[in-house]
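Chain nomenclature is as follows: A, B, C and D, assigned in order of appearance, with residue numbering initiated at 1 for each chain independently.
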Amino acid sequence: MLPIFSHILFVLALSPLLLGVIGKTKAFFAGRWGPPLLQPWYDIAKLFRKGVVYSTTTSWVFKLTPVVVMATALASCIFVPWGSIAPPVYFWGDALLFIYLYGLMRFFLIIGALDTGSSFEGMGASREAAFSCLSEIVLFMDFILLVMVSKSLVLCNMLNTGFFSSWLSMGPVLVLVAVSFFLVMLVENSRIPIDDPNTHLELTMIHEVMVLDHSGYDLGLILWGSYIKLFVLGSVLVSLFVPAHLSPLTGVTFFLCGMGVLGITIGVVESVMARLRLNRVPHLLIGAFVLATLGFIVILLKGA
Amino acid sequence: MLLFLILLPFSGGLLAFVLPKNSLRKILLIGVASIHLAAVLGLWSGGMPDNGSGPVFLGLDVLGKLILTVISILFAAVSVYLWGYLKNERACNRIFTGCLLLLLSSMTLVSVSAHMGLLWVALEATTLMSAPLISFERSPQNTEAAWKYVLICSVGIALALLGTIMLAISSGNFKTVFLNDLLNHASVLTPSWLKLSVIFLLVGYGTKMGLAPMHTWKPDAYAQSPAPIGGLLSGALTACPILAILRVVQICNRADLSSFIEPILMVMGVLSLGVAAVFILRQKDFSRMLAYSSVENMGIIALGLGLGQAAYWPSMFHLINNALTKGFMFMLAGNLYQHYRSRDMGQIQGVYAQNALMGVLLVLGFMSLTAIPPSGTFFSEIMILSAAVQSKHYLIAAMFIVFLSVIFIGMAKGALQMFHHGPASKQESSPMVHPVSSMAPILVLGAIILALGLHVPVFLENVLRSTQTSLGGR
Amino acid sequence: MILFSVSLALLSAGILCLALLRHKPRWAENVFLVFLTLGCGSAFISAVDTLIRQESFVDRLPWSLPWGEVTIGIDFVSALFLLAVTLLCFLAGVYGIGYLRNGEHQQDIAGHFCLYLVFLMSLMLVVTARNAVLFLLAWEGMSVSSYFLITYHDGNEEVRQAGLLYLIAAHIGTLCLWVMFILLGTQAGSMDFGRMSAAQFPLMLAGVVFVLGTIGFGVKAGFIPLHIWLPHAHPAAPSHVSAVLSGVMIKMGIYGIIRLIMMVKHFPPWCPAVLTAIGIVSGVGGVLYALGQHEIKKLLAYHSIENIGIIALGLGIGLWGQLNQYHTIAVIGYAGALLHVFNHAMFKGLLFLSAGSVIRQTHTGEIDHLGGLLKYLPWTGALFLIGSLAICGLPLFNGFISEWLVYRALFEGVFSFPMEPVILIGLAIIALALIGGLALMCFTKAFGTVFLGQARSQHAADLKENSAPMIAPMAVLAGVCVWIGIFPQTMVSFCLQGAMRILPTATNTADMANILRPVQWMVLSLFVLIGISIFLVLFRRMAMKNMSVAKSGTWGCGYAAASPRMQYTASSFASPIVELFREVLCLRRAKARPQQIFPEKVLVASEVIDASEHFFWRRIYRLMQEVCGRMKSIQCGYAQIYVLYIFIFLFLILIWKVT
Amino acid sequence: MWLDISLIVIILSGIVLLGSSRIGTIIQLFAFQSLVLSSIPLQVDRAGLNWHVLTIAFGTLIVKVFVMPNFLFWAIRHVRLRREAPTILGYGKTMLLGGILVGMAFYISSKLTLPDRYFSRLFIPAAFSIFAIGLLLLVSRVKAITQVIGYLVMENGIFLFSMLLLDKTPFLIEMGILLDIFVAVLVMSIVINNITEDYEDTNTLNLTTLRD
């Protein structure tokens, strides 16, 4: 139990920081000083202190949504390694549970949005559902590649066993995996160029518009949950690059640096790119899928 | 005994012509039919009358006995049914009853004749005796149907006479067509004449049986005759030419010509199935649909006979099932027509809502027609299919399946439409009630059909198996 | 065994009783309930007994059909299916009593219940028959009785057409099975399943038999493109019948394929590929079509096709494992398929029953006409939500467990098999992922539009929740869904045992422990999730105590006059994906553009066309009709021509045979 | 010698039948053909005249020459007008076709071998020819009455054919066959009578209401 707790606590603590790094980077590119690194923390704290407003249209589903979002986000983190520290729970096939937990999260986000009866939230929910269908198949394609490389269905093994050997033999494949996974991560977390978390035009938003009606504590949970989701998916990506068999301390350092780099990368991407038109988003995902499929073909031809 | 079986309905028929009152004739009809049935059933209890091996005109082997039983059962059922049916008909039934009894007599003669010539004579007589039955209602359509029936069947059966003469020619040194002689000396028959005669006999008796493309009289005759007569014709009367064809098969098997006759029978069978499928698919008239179903079933029996040894007893079983089903269905149809005053399946709707028992019986009949278990036809058809597959006639099996599918589509569309509620059934207010005499024979036949689908008594199975040896020859 | 025979006897007695009770509907209800409970109960116990004691038996009843013996037996596979059959049929039957009460056709109720028992009995016989003839008998009994169950509301033309299509499809499928069993029987020398299992089949024959079986059983199971009856029949039937049709009857097709695999054992290598391909097409196609539907039961019907696709994927990978001697993969794949069969019976039963509750109250199944029902039908809504979560394969519910097993088998196949299968298996994984995503979209759409937001019609306020006898069966089904979702070990181990029986060679039990261990870990992680949720709920309750909670209207982004009709509709919700797959779905649009300056009516309607039905089967049927119409001139009415036919035929035969 | 001439006369009468247009003529021609035919049993009998052969010849004479034509005349008694029996093909072509059929009958007969000697080389060809002519008559005419005659002519062909087996055919069967033909004509006449009552004509083109 203890490892699980500590794991969860660390994620809870560290996940808003990643957003802080992204914010700082964007501010840097915009030539501003920007909000402090701990700003996401402050936001959450502020929301937790505020009162709540519920729409008369909503039912218990609406209230359940934030809880499920937070719970699934936290539950998903227990399968992800931190550098060379093994996750507290791992078993054959946990990668699938990992992905499907996000499915559960999404299900509730969507019905939570539909519960308000607002056409804008319905619109956002529809987009979220549609794009995540596509991002999910990319994710699975990446997992197929990782499974073929690692010959394992345990998430932590897929990510960092035999780091050097696999990078040596399967370098190109892993690069393709990393790139497509990065794109998936952006989509899943509604970052630019798919969605702009800071926009204020409801018609074009995806994720943000779904949580329009949530307020106070509930909104805090949802926000925090989405930070955790970004953090966990990010850590999956970073773990790909962390060599195994390092001492725990080096491993964790390596890992945290990697997360920092990831934050900066996202920040850079968000600074230099504009948001895509909505109907272009599927193309981006299809592109990512093609990349992953390319990796699949490479592996097949290599006869792994 | 055999002579009694023939003469009883014969004299009954003659008597019917002189009796003064309709009701007396009806009593006579039922009386003769039941005595006949009792006598025929009595035949089974006694030992087999020995045919001997010499030339006899009358003899009863197991094939004849089986077919005679089917005929007798069906005739009895129809005669009971006619009790209620004739009540509604004002016209004098003198000719009708007389011909009916003479028909029974000639059908009996067919099944007991042990001479191919006599068989021909009796078969032609059945055609002639049944023609007046078809035109009983005396509308122009009835006349037309009767005309076509008599003409086509007579022409067809003339071919069979030619075939019989050729058979005699082939029997070189003894030149007779006593069945015993033919079977005992089958190996010395001249093959070239025998082949010729087999073709003529098959086409000739095939016409009477209603195999495609000689089936053309069938839908007209069955649809225009009074419904119970349709049942008698398609159930009992078709059994007679089948017996003739069984004789041909028997001779061919003894004469080592089975490889000659089998392809012809298969072609005729498959052709019949195909033609039936084509016409059933878009059929609107219930009786015509049943008539084409009869073509189909004749096709199945021919196919079974063409598939050789393994399919003989399924074919015989199918013969029984088909005869019972057809009798059942036509009588049921008769009840429906009396209520709805139409043969159009689009007009007959909501049978179940009108009369639940009739609805259930309709479904039972439908299942039996389309070989859905539990009905005997399911077993006979699947066994015939099995024989086709076992003898590696895959093409035949495939066509069998395809045609059965098409037929099923047509029948399901038609028959089930009648079962259900529909727009037309809303206006129908008068309840559908039928006299006991119109329901009892249907129920009895239905019970037999269902029973044969669930269980074949050992006794019947033995009989069927012995028909197989009787047909198979060596 | 005795218990099972008793169950059959009880059901037969029930059938007889009900046949006589036509004019007493209330009596019929009670008699039905008694016999249903007793019959299902004893069969259920005999199935559970087999599973627990792990012994199967075959016995011959003292009765003989014309062409075979009445041999019945329950082995592990049968028992698993029997479990689903009895459980769902019992619950749906109980529900049906409430569902049909006070409806139209009261006079047909006894007949309906009678046929329901016939249907139940034939389902039980199908899974326990050990003789091909008996199997076919039960199979056709199942088709015919279900036909009459489907056409209960036969005053409606559409219902009759749907029933007819179903019956025709079922019968033609059965004809394929005739040939299949005949081929098997010819080779084995007997129609007995035991003898067939003992026989050796040449590979060529195995291939032919496989194709015939896939068609024959596939029609029943609803494989695309043989599925066309399914989306018509399910909506046409009364809801409790739809539940049983979708929950267990279409699974009989799967059962048949499993039985076939158990009997024939060695197949040509393309067979698993075909099965997998069918799984991919049916799965993805089913869910895509579902997404385009506007009618709740039609949507659910297409989801049945999707789930059959998932099951076929499980069977496909299992067969691949079996043929390539990877026993672990085979066991996991088969177990996944078996478990999904059971799971699907549970959650699809639940969904159809709750959809039925909605339809019974609102008298419509059009999703876009409903809305906000969770407030009026709280139980139905909550139970529908559970069913939705389960069918989407989300963790904590049973669908996830079986999909997880299938995934596992597929992933292991990816790194075990040679190149060619791997391509298809990779595709299968992607398909399964896509199915998951699309199903999620579809059920958020269905649940969200029907139960959430505001009611789109005015009558909603009069709605009352259905009576307890209708809610209770749904609650039990939901309970089973959650039970398997959280404590999967029991059912998974049963299914693994069953899967091992499918394989021709014995697998050691150590393997099974290995396969089961991750399941235990998974339970642990699920409990972590539950624990966190409980903690959050409690924490929230504590935190909320001293916070202000306000009520207000939904934030309309500044628009003040929002009406319920402006809510996002189901069609709009699904449109991004439907648009993306426009070509596959043959999307048809009807649009009335705004005409004047102040347009009165503007209309947009979209419809998804089932390609295989409209562009293949209907065309074939039309062609058939046309050919037959042309050939009708054979029967032209001229007696001379008829006579000529005779002589032409005679002449042809003479030419053929004599020269 | 006489036998051959009789056979040729029979064939010729058949050809003439094909070419005749009046119903009365046709019936009379048939009667004439049957008359010649009924003499055949007497000519082929080798065992000397016995009662068997005599009865057959006499029976045929009575039934086919006297009774049947009378029936047929009775059946059409209502038809005052339209006594001609038009063909579908035209008389010339029908006769030509008849000629071809006769030729074919001769050709086919030459291929057949009988198991033992027979009376005349013309015997089988003549039987087949008449059979074919009957068929042609049946198919090519539109009146019901001519179809009956076509059938009877076919029957004559078969009768001729059966003369091959004269000595072995049981008397009973011969009589049975004759009786059947008799009843057949009776039934057909009655039906034709009904037809003429219904339609005022025996044109079979009226009889096509039953079809699919």
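Just so we're on the same page, a contact is a pair of C-beta atoms (placed from the backbone, for glycine too) under 8 Å apart; a residue touches a chain by one contact, two chains touch by 3 or more.
As the structure is a prediction and not an experimental result, all values here were calculated from the model.
**Student:** Go through B-C and C-D and name the pair with more C-beta contacts between its chains.
**Tutor:** If we tally the C-beta pairs in contact for B-C and C-D, the bigger total goes to B-C.
**Student:** Between subunit B and subunit C, what is the separation of their C-alpha centroids in Å?
**Tutor:** About 43 Å, centre to centre.
**Student:** Quick one: report the Å distance separating subunit C from subunit D, using the average Cα coordinate of each chain.
**Tutor:** 69
**Student:** With chain centres defined as C-alpha means, what is the inter-centre distance between subunit A and subunit D in Å?
**Tutor:** That gives a centre separation of 99 Å.
**Student:** Could you state the distance in Å from the CA-based centre of subunit A to that of subunit B?
**Tutor:** 77
**Student:** When you check subunit B against every other chain, which residues touch at least two of them?
**Tutor:** Those would be 147-148, 151, 155, 196, 219, 279.
**Student:** Going through subunit C residue by residue, note those that touch at least 2 other chains and give them in order.
**Tutor:** In subunit C, the residues touching two or more other chains are 632, 635, 639, 643.
**Student:** Under the stated touch criterion, can you name all the chain pairs that qualify?
**Tutor:** Touch list across chains, by label: A-C, B-C, B-D, C-D.
**Student:** Can you name the residues of subunit B that touch subunit D in the complex?
**Tutor:** Subunit B reaches subunit D through residues 57, 115, 117-118, 120-121, 124-125, 127-128, 131-132, 135, 138, 140-141, 143-148, 150-151, 154-155, 158, 161-162, 165, 168-170, 172-176, 190, 192-193, 196, 219-220, 223-224, 279, 283, 288.
**Student:** Flag every residue of subunit C that touches subunit B in the complex, lowest number first.
**Tutor:** 22, 63-67, 111, 133, 136-137, 140-141, 143-144, 151, 154-155, 160, 163-164, 167-168, 171-172, 175-176, 178-179, 182-183, 185-186, 624-625, 627-629, 631-632, 634-635, 639, 642-643, 645-646, 648-650, 653-654, 657-658
**Student:** Considering only the defined contacts, which subunit B positions touch subunit C in the complex?
**Tutor:** For subunit B paired with subunit C, touching residues are 147-148, 151-152, 155-156, 159, 195-196, 199-200, 202-203, 207, 213-214, 216-217, 219, 260, 263-264, 267, 275, 277-279, 281-282, 317, 356, 363, 367, 370, 372-374, 376, 378-379, 382-383, 385-386, 389-390, 397, 401, 404-406, 408-409, 412-413, 416-417, 420-422, 452-456, 461.
**Student:** Touching residues of subunit C toward subunit D in the complex: what are they?
**Tutor:** So the residues of subunit C touching subunit D come out as 632, 635-640, 643-644, 647.
**Student:** So in the complex, which bits of subunit D are touching subunit C?
**Tutor:** It is residues 88, 135, 138-142, 147, 204-205, 207-212 of subunit D that touch subunit C.
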